[in-house]
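Order of writing sets the labels: A, B and C. Residues in every chain begin at 1.
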Amino acid sequence: MSASAESLRARSAIFERLRAATRDPQNTPLDVSAALLPLLADPVGETRTERFIRHARSWRAEVIETTQADWPEALQALLRARAPRQLFAGPGSEIAATLAACVPPQQLRWFDREIAALKPELFAADAGITTTLGGLAASGSLLVMPTIAEPRTLSLVPPLHIALLHESQLQDSLLSAMWHYGWASAMPSNLLTITGPSKTADIQRMLVYGAHGPRELVILLVQDGVRS
Amino acid sequence: MSPTPASTPASAARDGKRNVYFFATCVIDMFAPEAGFDAIDVLERSGVQVHFPVRQTCCGQPAYTTGFPEEAAKVAAAQLDLFPEPWPIVVPSGSCGGMLKHHWPKLFANDPVKLAKAEAISARTIEFTDYLLNVADLKLDSASRRPLRVALHTACSARREMGTLECGRELLSRLPGVELVEHAHESECCGFGGTFSVKHPEISAAMTSDKLDAIRATDCDAMVSADCGCLLSLNLMLKKRRDLMRGQHIASLIRERLDGGEAQ
Amino acid sequence: MSGAMAIKLADFQANARAALKDPKLRDSFTGAMDFLIDRRASQFPDLEAFERLRKVGEAVRQQALSKLPELLEQLENKLTSLGVQVHWAETAADANRIFLDLARRHDASLMVKGKSMVSEEIELNHEMAAQGIECVETDMGEYILQLDGDRPSHIIMPAIHKTKQDVAEIFHEHIKGAPLTDDVNELIAIGRRALRDKFSAARIGVSGVNFMVAETGSLVLVENEGNGRLCTSVPDVHIAITGIEKVIEKLEHVAPLFALLTRSATGQAITTYLNVITGPRRAGEKDGPREMHLILLDNGRTQAYREERFRATLQCIRCGACMNHCPVYTRVGGLSYGTTYPGPIGAIISPHLQNLKETRHLPTASSLCGACGEVCPVGIPIPDMLMRLREAGRHSVAQSATPPQQALRGQGEVRQLAEALAWKAWRLLYSHPALYRLLVWFAARLNWLTPPWQGGWTQARAPLKPASKSLRDLLAERQRKQN
């Protein structure tokens, strides 16, 4: 293909110019963590969970505190209140069986095909539920790793995103999560932090929720006894 | 005050006096001499022996910032030997002071002999309000107690390059009767910017105009600054507007208040 | 660059003059910039903490630039192993040709695009439209501008110069069935509905990149709206385009830059989404692009890189804080610049992307107040860069110490004989104390000769007139009295 020959020519020209420059490659290790510390300082006496909840709510996420035993009931209550026509969910996810048991079958839709075959339904859906990898206390963010079971668009296309988060999976910050999961050596194809519902202030700086992603984010925060 | 650097450190030491060089700046020399005169007077009242090297001209900033550093370097080079004694070099302008302190060494990066001299000058350069507040021991208690609401415009180079914002504020707060009034967008540039005001006169005028409106909106009695470049631009617009207020150098206000105090 | 753009550029001063006379425009910019300045300040209450973080951000960017060719190779290898096709483009035309080839190969007549300043730089929308391919902006602000045939005036808040009434009319006119409403919630809902159809239909999604991570081959995208995620998750093909300078070495380096970016840009502690994409859809995954391309654009960046004193220009993370704090930008607005990147960062990057002569008014359109350098989250000494560009424009390679191979495009072409001579005369007077004293002496005594008209200065100010006694005169008088 002609483009690649041109691309190769451009590549060598660019590298030639870069390499001709006088430079002194630096390899000083950078203490990224120390510099971020002041931004991450905890208010005295606040637990990680309390901190997560405070921040998440400030970003307009709804946080429902529940337990491992009770979250299906909390979900049912939520579904009764919001009455979505369908709830999209990932087949084969760790919560699939529970969902199948607690959500009426006419309401539950599985993301069970490739997106190309599912677009009309997915784009018409009004709710999606996902698990999360964890959360970030410092910013009230969800840490979401889309998988084969739970595709990327599940947390993106439906206007209501319900996310299940285990308190034990809370990390302090993005940096501590990066270190905890060791992503630098094994990166998933997609990794997200989600902080509140999608939003825009592009018209006269007026904040509007529900730009292109969810209008609402509801977090079912499962207290699993590991409160730090 | 000695017009030439004649007095020796020895004689100065005998007097028990502090010595400083005064770098007046060409703007003050030609356009705002009273500011320089008052600054020298105020320094002397604080017991400082002021030396005015008569061969001084300009810090070179206009050419330097316009893109002619080689011309600026020649002007600076002609003045490198004017400050032989190890005395502070007091500059009644954050902008020109910033030029001596931060940019003169850059002009001579390739000339070790001149560079050493420029670095020595840089190390001794101090802005007027900084010197007055932090080195000189000027007593302001005896100054006039007449109430006066004062707006302070701090030049961008004083604020950002020389870090002397607080010096001006602190000096005003030590003047009895003087109340510092804040104006909107206080940290914003007055729009002078040297050759900027000639190359982009409309943008410059819009900035100066907004600055004056903000200061005027405070209902202040007086406007001061420690930079005569900004004051020229502000005052000449006031004149064009037929507004009778004129900004003055902070040294002039201090001198006036001291004189007023003596009279009371 | 297109001819139209060059004409606009030459008119910076005319554009600025017109903008200054538009009270509505000035109000909207002043209001918006004050808002952004306050928001940013609220995120950095502790200046020392900001300085500390900024030092790390600066070090991350400087270190990456110091190893740029090595990191680009590492990134390319990593991306290739992940199955991403890496393309190199020296010019805007190269990049557009790559887009066109890919579109033709996929028989795509529609692309959806997330916010990307580099795609603005290459005028992707226009170039694709000329080939019959619709490239739809999906960022709300950019979408409004595209419908209206307008250009972004701010790199973060592109439609800041439009009011809700403007948007109401634009949507009503261009979107089928859109009612005329200036309710902002309703307007965003209209945009959302109109664009959802495009997301669903497009074969190709285009995005920019905020950071590229060499060690993992990840592309990092920062956004609030979700359109960037849609562009990179729904279509079959994802084409990312960015400048070669955007690479950083380590994944953990994302953390400080992300913290600096969102706080500096919109004064938010974090955006809704941080989207880290590492290669195309993997086996078994049900969405995400099957095919992924990265176009790495030079377009003048190697010129800024080549000379050490301009290299810091490339540290930029495109937060826009310099423009928010710029008293010139605030008054003339982003469109007056006539360049892709307006404001202080535009004034220091545009001369490299285009050339010094075309962009000659931009480096001088600054009072060098230093507000830009003060807030820059990665420590770019913008005022110094402006001065160096002023110098380079006025000194040919022969007139300066520049090695010929480091000549900038348009170097020396801004030089005007009258200006150069004026500074030579100035130097002559000011470097000879006797001549200077003579000048001051005459200026004081002949001050009544001051011309009443002094170019632009006297448009809004009284003439600059020497005092009738210089400081020297006053000091000499005093000396006489004392003796």
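Points to keep in mind about this one:
Just so it is clear, a residue touches a chain if its C-beta (ideal position, glycine included) is under 8 Å from a C-beta of that chain, and two chains touch if they have at least 3 such contacts.
Nothing here was measured: the structure is a model prediction, and the numbers come from that model.
If each chain is reduced to the average of its C-alpha atoms, the one that sits nearest the average of all protein C-alpha atoms is C. Set against the Cα centre of subunit A, the chain with the most distant centre is B. With centres defined as mean CA coordinates, subunit C is found 30 Å away from subunit A.
Measuring from the averaged C-alpha position of subunit B to that of subunit C gives a distance of 34 Å.
Distance between subunit A and subunit B, defined via averaged C-alpha coordinates, is recorded as 55 Å. Of all the residues in subunit A, the ones that touch subunit C in their complex are 1-4, 6-8, 10-11, 13-15, 17-28, 30-32, 34-36, 38-39, 59, 111, 113-116, 118-120, 123, 139, 141, 146-148, 151-153, 156-157, 173-175, 178-179, 183-184, 187-206, 208, 210-214. For subunit B in complex with subunit C, the touching residues are 1, 3, 24, 26, 28-34, 36-37, 40, 52, 54-58, 60, 62-69, 71, 74-75, 77-78, 110, 156-157, 159-161, 187-189, 191-209, 232-233, 236-237, 239-240. Residue ranges on subunit C touching subunit B, taken from their complex, read 13, 16-17, 20, 327-328, 331-332, 361, 364-371, 373-374, 387, 389-395, 401, 419-420, 423-424, 426-427, 429-433, 436-437, 440, 443-444, 455-467, 469-476, 478-479. Those residues of subunit C lying in contact with subunit A across their complex are 32, 35, 46, 49, 52-53, 55-56, 59-60, 62-63, 65-70, 72, 87-90, 94, 97-98, 101, 138-141, 144, 157-160, 162-164, 167, 184-185, 187-189, 192, 195-196, 199-200, 215-218, 224-227, 229-230, 233-234, 236, 244, 250-256, 258-259, 266, 269-282, 284-288, 296, 298, 302, 305-308, 311, 405.
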